[in-house]
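Order of writing sets the chain letters: A, B, C and D. Residues in each chain are counted from 1.
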Amino acid sequence: MTKAQLAGISTAQQRSIVEVSGLFFGGQDFQVIAGPCAVETPEQMDIIARGVRYSGASLLRAGAYKPRTSPYDFQGLAEKGLDILASISERYTLPVVTEVTAAEQIPLAIKHASMVQIGARNMANYELLKAVGRSQCPCLLKRGMSATLEELVMAAEYIMAHGNERVILCERGIRTFETYTRNTLDLSAVPSLRELTHLPVIVDPSHGTGRRSLVLPMALAAAAAGADGILVEVHHDPDHSWTGDGRQSLNLTQLGELMESLRSIVSAVGRRLTPYGLSNGGIGVPVLS
Amino acid sequence: MTKAQLAGISTAQQRSIVEVSGLFFGGQDFQVIAGPCAVETPEQMDIIARGVRYSGASLLRAGAYKPRTSPYDFQGLAEKGLDILASISERYTLPVVTEVTAAEQIPLAIKHASMVQIGARNMANYELLKAVGRSQCPCLLKRGMSATLEELVMAAEYIMAHGNERVILCERGIRTFETYTRNTLDLSAVPSLRELTHLPVIVDPSHGTGRRSLVLPMALAAAAAGADGILVEVHHDPDHSWTGDGRQSLNLTQLGELMESLRSIVSAVGRRLTPYGLSNGGIGVPVLS
Amino acid sequence: MTKAQLAGISTAQQRSIVEVSGLFFGGQDFQVIAGPCAVETPEQMDIIARGVRYSGASLLRAGAYKPRTSPYDFQGLAEKGLDILASISERYTLPVVTEVTAAEQIPLAIKHASMVQIGARNMANYELLKAVGRSQCPCLLKRGMSATLEELVMAAEYIMAHGNERVILCERGIRTFETYTRNTLDLSAVPSLRELTHLPVIVDPSHGTGRRSLVLPMALAAAAAGADGILVEVHHDPDHSWTGDGRQSLNLTQLGELMESLRSIVSAVGRRLTPYGLSNGGIGVPVLS
Amino acid sequence: MTKAQLAGISTAQQRSIVEVSGLFFGGQDFQVIAGPCAVETPEQMDIIARGVRYSGASLLRAGAYKPRTSPYDFQGLAEKGLDILASISERYTLPVVTEVTAAEQIPLAIKHASMVQIGARNMANYELLKAVGRSQCPCLLKRGMSATLEELVMAAEYIMAHGNERVILCERGIRTFETYTRNTLDLSAVPSLRELTHLPVIVDPSHGTGRRSLVLPMALAAAAAGADGILVEVHHDPDHSWTGDGRQSLNLTQLGELMESLRSIVSAVGRRLTPYGLSNGGIGVPVLS
């Protein structure tokens, strides 16, 4: 297999910093991306975004195109969802990341969000990677459920080789025999990826464990392991989320507790939580479109 | 998760037979699909297709769009490859199956081939599944590297729910800790899928093991387990294949030996190898386009 | 790691045959070992052994020392179980294989049975392997739940290096993410082990799948893949077995059907089921003690 | 399966604290156990033990009985190794934990060490668990390579049901498809085990990753996830260790750096590193035998 020439570690003497609407991944800041699995209604997004903003998290996540195991389950609001996201993003001065599942969704997603996400199911959907590569939009690339770290780096290489260098990797758990957790969160991926690539690495403890009670300790562990941020599912009413992912969603109070606990760990490893009102809410508010 | 209403076993009292250019999957016939990983040149395809035809195998496989782990590795000949395939298919009266990796490739693929393939990497690429569902072309759907059987059936449901019922499932090995084989071929998937779906099931012992020496015994085992056919990689000169998959490719002599060994096993389980010259080469030659 | 000098393939130009009370593993004969998970009562063993004998299977299996996940579950009848086994073995002229879980059980087990079994949980219990190595009793060595093939061969090497060359390997399924089956039966282990060792290899489709309905097709597949025999769980009343393994046990009628189906597959690969009344029931009855 | 009545969480309203020679696991203290894979020579142990003592780690680990994949590899010094351990333990006032691989080793091990270890290979060696259960010696129980968390808790139940309640669990990595790391360290096991058992839980980042460079970040992550301690391999000259485990061993300088980095993380989660000279080196030195 041909080497990762752009994503590989040898190409950069130092780690890369990826900028997303004025926020920096891979530097000193530890970024917290929070939000619901899916955009459901303007009211739901308003409540959650306000909570996310208030908590000090720096980006909002929510899906308008939802890859679901069953074709009969809620597939997302599509364009209508993107409209809601854009409006909420502006109202709370919160950059937004949202998933794309096909190349034709990219232009609209970029218009409404600050970063697109390639989900675990599509990590090896190379045509989608190429399309994101041609798009010049920051991309959050999640590790496939059974992808090796080398394959994850090569997926990033696909995006970079097509012209887009702003890639952030995300460990989100792998499939193993253990059934207590939904996936097995492979935190050793964080320091391992440091040895394989110069790109920023964040961790998703929500999908990585599938259990609300495990999100906080694994978020702290991710920070201690050297992650550049986390991606957490948050819902104002997890038991009534439309996608049934409520089992792994924090409510807004729990998000506040998480931020509080994170602060001391992040500080202990020489990082900082993006100060509220500074990076993305003060003078020089990031332009989202 | 909502149930598989169309692919699920409860919807059909008996197993389904899927017709592909006059060949039947899921009935008494045991189908052998053989060919190289990728279309390389007209000459390569001519040699291999003649060997496949002569061996008694019933379909030709070869990829024009190759999903490769590295963006720098050979990605297939695309349209030029499809042209070669169509010409070879006509010359040897061999129906052809070829992989598609993006929705926009489907119309052209259908024009040149009898069946499209969704590869393991794209099993959960739901937008591609939906597009194939709208296409009305028979589809060979491979199990994802870490997909559960239930998820494989739900992927078929995506295709069927969008209007296309001609889906054939393919077990091609799953990811485990074992490194002697490239994947772990899960043959219990064959009788298990019988309990979960009415769709035909074939097995790919080439990707399933990654080793040429294991292809024949695992092909026999697949037949004994009740598979409706196999998909094997064959190359006239495996050590010089363009995709480096030669390690798992049979040469044409070995394909002949495989067909010979298969005959008695297939017969022992009450099936038959498609008689040469009958189903697809005699009177009533299947129309391919 | 130091190589397998005794179990490795390079040490023997041809495959080894292991003799167990007049039955041969690794030659032309295909051996069927059948019996319940555990010895429960003399009556239970009498009914089952009679059925096993009548079916044409060649060895009886049943455990007196049961390794159970919970310390509160039935742990086997120990010495009393071995007594029952020996008496049944003599009554039906059926050699017996039984599991040992500690070195101190070996002398008694050898006195009552023709072969000892090392279960999957103890494959890497090297002190037990050494003790069996010093014992000179044929040993059925099961693959650990997450043991690589190389590790399985090295476990055999432990036994052989301590003086006992009569080792038969058994593939019994490995742990993967798939939950439809209890384990994932890795049938590619059969031809793979042919490349790694000269020792006989059998397959346990009962533990390998955990589902009664899958035992027959996977037994046929094992034979087609080149296995030297199978180990199947059989109980006259599976729903009331004491160990709760009834879900994966055939009843005696199903054992008969299995033997019938096996006959043609075994024949198709150039092997034969041990003829009833010849190897172990006719003139020259094997001496068991 | 019968429930874990003693190890299960319902039996204790609060978490248990296990005392080992005056050190406490499961309370506020975060314990660091360090030492080489195997006892090699008195000189080797003296150098390493002094370094361990000086670093502020609280227990010494080293094996006298080594379970090795190959029977031809170094199997440990056995009794001679225990003698060395006991002498070093006394010289540096460091409690010692050492592995036992057979029941007959337990009496001698207890005489020379403060805690016995059941390794991953023997987690389901129930006869060994029972023997440790009858021994009344603190036991460090490592998770099997493919053991579920529930099975790990049931293994502890075996020990407790036989009379010994002083069990400490250890996550040490599980087997997955990923090959960059030797195992996949499942840190979610730490908070998960909090929900399943009241017993203390520590983490082994050395075996869990198999790479020296990953030990420090994963040790920090373990502390952040709520572990009660860590077990790390340390050697004064890793490249010349007798067991070839040097790839995952820290040298003594790196152990110092680890302790330094740990301090702030441990503090951030409201724990403390056992103060040097207080718990195990000051007035009231722990009695080891």
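Definition applied: contacts are C-beta pairs under 8 Å (C-beta built on N, C-alpha and C of every residue); 3 or more make two chains touch, one makes a residue touch a chain.
Predicted, not measured: the structure shown is a model, and the values here were computed from it.
Counting the residue numbers used at the interface between chain C and chain D, over half appear in both copies, so the two copies meet with largely the same residues.
In terms of the distance between Cα centroids, chain A is separated most widely from C. For the pairs B-D and A-D, the count of C-beta pairs in contact is higher at A-D. Separation between the centroids of chain B and chain D, computed from CA atoms only, is 50 Å. Inter-chain centre distance (chain A to chain D, centres taken as mean C-alpha positions): 35 Å.
Of all residues in chain D, those that touch two or more other chains are 146, 174-177, 179.
Note for the complex: chain A touches chain B at residues 1-5, 67-73, 101-103, 121-122, 124-128, 130, 145-146, 151, 154, 157-158, 161-162, 174-175. Residues of chain B touching chain C in their complex: 146, 148-150, 174, 176-181, 184-188, 190-192, 195-196, 208-209, 211, 213-214, 217-218, 220-226, 264-265, 267-269. Residues of chain C that touch chain A in their complex: 146, 175-177, 179.
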